[in-house]
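Got some structures for you, see below.
In what follows, subunit A forms one complex with subunit B and a second complex with subunit C.
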Partner chain A sequence: MSSPYFVVVCTFGAGSSLMLRLNVEAALKELGCNDFKVEVSDMGSCKNKNPSAYLCSTVLLSNLESQNPGAPVVGIKDFYNKQSLQDAVKPFLSL
Partner chain B sequence: MNPALDVIINQILRQPAIVMGFVILIGNVALKNSVRDTLVATIKAMVGMLILAVGSSTLVGASRPLMQSIFDRFGVTGVIIDPWTMVGEIEGGILPSEVMGLIGVAMTLGLLLCVVLARITPIKTIYLTGHKAYADTVTMLFLVWFSTGTTGAPLLIVTVGFLLVYWWLATWMFRPISRTVVGDAPITVGHNLLFGTFLATLLARLFKPDPKKNPSCEELKLPGFLSVFSDAVIGYSIIMGLMFFAIAVIVGPTYMGALSGAQNFLLFGFMQGLQVAVGMTILLMGVRMFLAELMPAFKGIADKIVPGATAAIDTPAFWSYAPTATLVGFLSTSVGMFIGTGLLIAFNSPVVAFPSIIPMFFGGSTMGVFCNAKGGWKGTVFGCFILGLILPLVSAYFASWVGTSVGIQGHTDWGALWSPIFRVLRFITGGA
Partner chain C sequence: MGDIHTTNKLLHMLTPETTAFAQKVSDWREAIRLAGQLLLKEQSISAEYIDECVQVAEEVGAYFVVRPGVAISHARPGENVKRVCLSTVTLDPPVCFGHPDNDPVTLLFMFGTRDNDGHIDLLRDLSKVLSNDEMVERIMKATEFKPMYDDLHQMLS
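Presenting the complex of A and B:
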């Protein structure tokens, strides 16, 4: 199985998503996964990237889902909760 | 002066892109990164800064003809309440070139000194919103230069001092409010919305939350399509396209036609509105490029030096706690802003400030989340409406004395907090 690939999306792709990317990377390493790719994107240019999953704030969930039909999208409420970040990415890892 | 030294001081060090590249270069060397990584990071930071400049000049260029037509037709100065348009205008000629090179240094110094202060004092907040840090730095540098007339090292020191008050102290003072929404999560708002949101929550508290009479916004049903505005490209296109179209209608074919040339004046207005979305998209691409090099390294350093600090981060991280409140805040703020702009026109203000999507959606959403926690849905509607209403008024006054003619900073903090402070400073020192 190929290494997991996540696209972290926020409205600008510059502020909160960058911080979420760093926290998601930390969560992946805590789970023992060291071969991964996490990319930051804004709402405007996140289409057709075919990631293992899109990750975003729960407030953007419906917008992101309608822009990317069929793609797995996981909404995250607390960007700084390690447990919930691990739970969000775990299903997409081949551990 | 030695010609080589002259080129270094008066040309190279005045290029924001080179200074930012240099900052990234030093950081990578300090972190002992490989030559390859260092080279890639440095070039990306420099090119990112240059892309940002292209985006901001497109933003300014998109608004300029419309604002010019308003001036030609009605004799009033029109400004767009948009942070990036003001940043573009400042960088595009208002700020003297010898000050331009200080942007990257001031920003980096401000961010790093936050970490130092968090390490040695009990106030442990680390500022992590890179694109706002950039916009704040440009605006603060301009305001300090404009209000005091200082340049060089004194300008740098005073600017960084103000930035620290904002990034390190004000974000910490905001913690009691952020706690009402996020509980014990170690985050606070890192954005130039702190003072405005504080005022909005004060107003919201006039309404007592009550499960029956004044429930949380989250109990309301709102049309979900409103969330399309969370896509910056869509938000900019819709709002600016329609507003510039409306301005073209109001100004009329004679004055607008003089600027649009052969193109139909209404089509011209609408297309200029879409150009704002174009400028924004380019600008963000550049911002993302240099922040992706700067912020992860910075966060890594900060985490090591101040473990367990409170992170001052961008506002969308807070929206997830009350998604419906963000929409209520957006709508109330927008209504307030259009009425505020209407008041400026009705009372023949010499400067008219027009709303943009940044304060409407991004400001309104954030104020909405915190107002909701303090005063239920009624408090959210009231607090956001009033703050929306006063934003064009304070922004118009702000633009009138700093002399911008296309853009003015996007959130209430600049008009309501920093504008009076720097107005007084300018009065005392005489200014530039």
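Presenting the complex of A and C:
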């Protein structure tokens, strides 16, 4: 069983992605997952990281998808909605 | 007043000088410029930083509207920032930033940082506040600095 690995992306990797990362980590723990890796990246250097999924604001979704063709990318509307954060990461947790 | 005894970064940076309530602006650009002026006045940033914040939003979009009604504006960390800083502006009426779900924005923060980690404690504290729906609501409705500061102090201490 491999631990899930998420890359959270925003424009500079310095603001909203840091905040989203905190909430994604909290959501993973709420789901009982304690073995995971969540890292932050800026749009320019997020390629070829091969994560379980990329996460970003819905506004950046198409941009991030075009940077990473074929990779799983999930857009988040409200960074503080616990339920939707859990729903976003759940499909990538191995059971 | 930034409480000099607190180790909490957010409380330390919240000052009456960098906070403005119930501001009436014509659009999101003006809102960002207003938040920027508060930081420019205390010489925490250069004027270019404000232009950059507007430019990022124009080019990339309103991805920094992180939850309904709340935006966190910033630009690339670097030389245009003198020190880690934060301004807080509430908008009345609320203003659309162009986010498909989280518009309109009532609460706008602007932060600046010189590097990629000097502000992490600040964002952690800010994120704690933004996780609390009731506190977000109270800040949105605040009209005076002291009661808002005391509320946050109580929550974060």
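List of remarks:
By definition in this document, the second predicted complex is superposed on the first by the 95 of 95 C-alpha atoms of A that agree within 3 Å, B and C clash if a C-alpha of one lies under 4 Å from a C-alpha of the other, contacts with A are read in each partner's own complex, and residues count from 1 in each chain.
The criterion applied here is as follows: contacts are C-beta pairs under 8 Å (C-beta built on N, C-alpha and C of every residue); 3 or more make two chains touch, one makes a residue touch a chain.
It should be emphasised that the depicted structure is a prediction, and the values quoted were computed from it without experimental measurement.
In this superposed model built on subunit A, subunit B and subunit C take up the same space, so to speak, and clash.
By the document's definition of touching, both partners, subunit B and subunit C, reach A:Lys77.
In the superposed model, B is the one of subunit B and subunit C that contacts more residues of subunit A. In the superposed model, A:Gly13 makes contact with both subunit B and subunit C.
In the superposition on chain A, A:Pro51 makes contact with neither subunit B nor subunit C.
Applying the stated contact rule after C-alpha superposition, one finds that A:Pro4 touches neither subunit B nor subunit C.
Once the two complexes are laid over each other on the shared chain, residue contacts for A:Val59 go to subunit B and to subunit C alike. Counting contacts as defined above, subunit A residues 10-16, 18-20, 22, 57-60, 63, 77-81 meet subunit B in one complex and subunit C in the other.
By the touch criterion given at the top, residues 56, 60-68, 72, 74-77, 99-102, 111, 113, 116, 119-120, 123-124, 126-127, 130-131, 133 of subunit C touch subunit A in their complex.
The residues of subunit B lying in touch with subunit A in their complex are 128-132, 182, 185-187, 191, 224, 227-228, 230-234, 281, 284, 287-288, 291-292, 295-296, 299, 311, 313-317, 319-321, 323, 326, 362. Contact residues on subunit A toward subunit B in their complex (touch as defined above): 10-22, 40, 42-44, 57-60, 62-63, 67, 75-81. Subunit A makes touch with subunit C in their complex at residues 10-16, 18-20, 22-23, 56-60, 63, 77-81.
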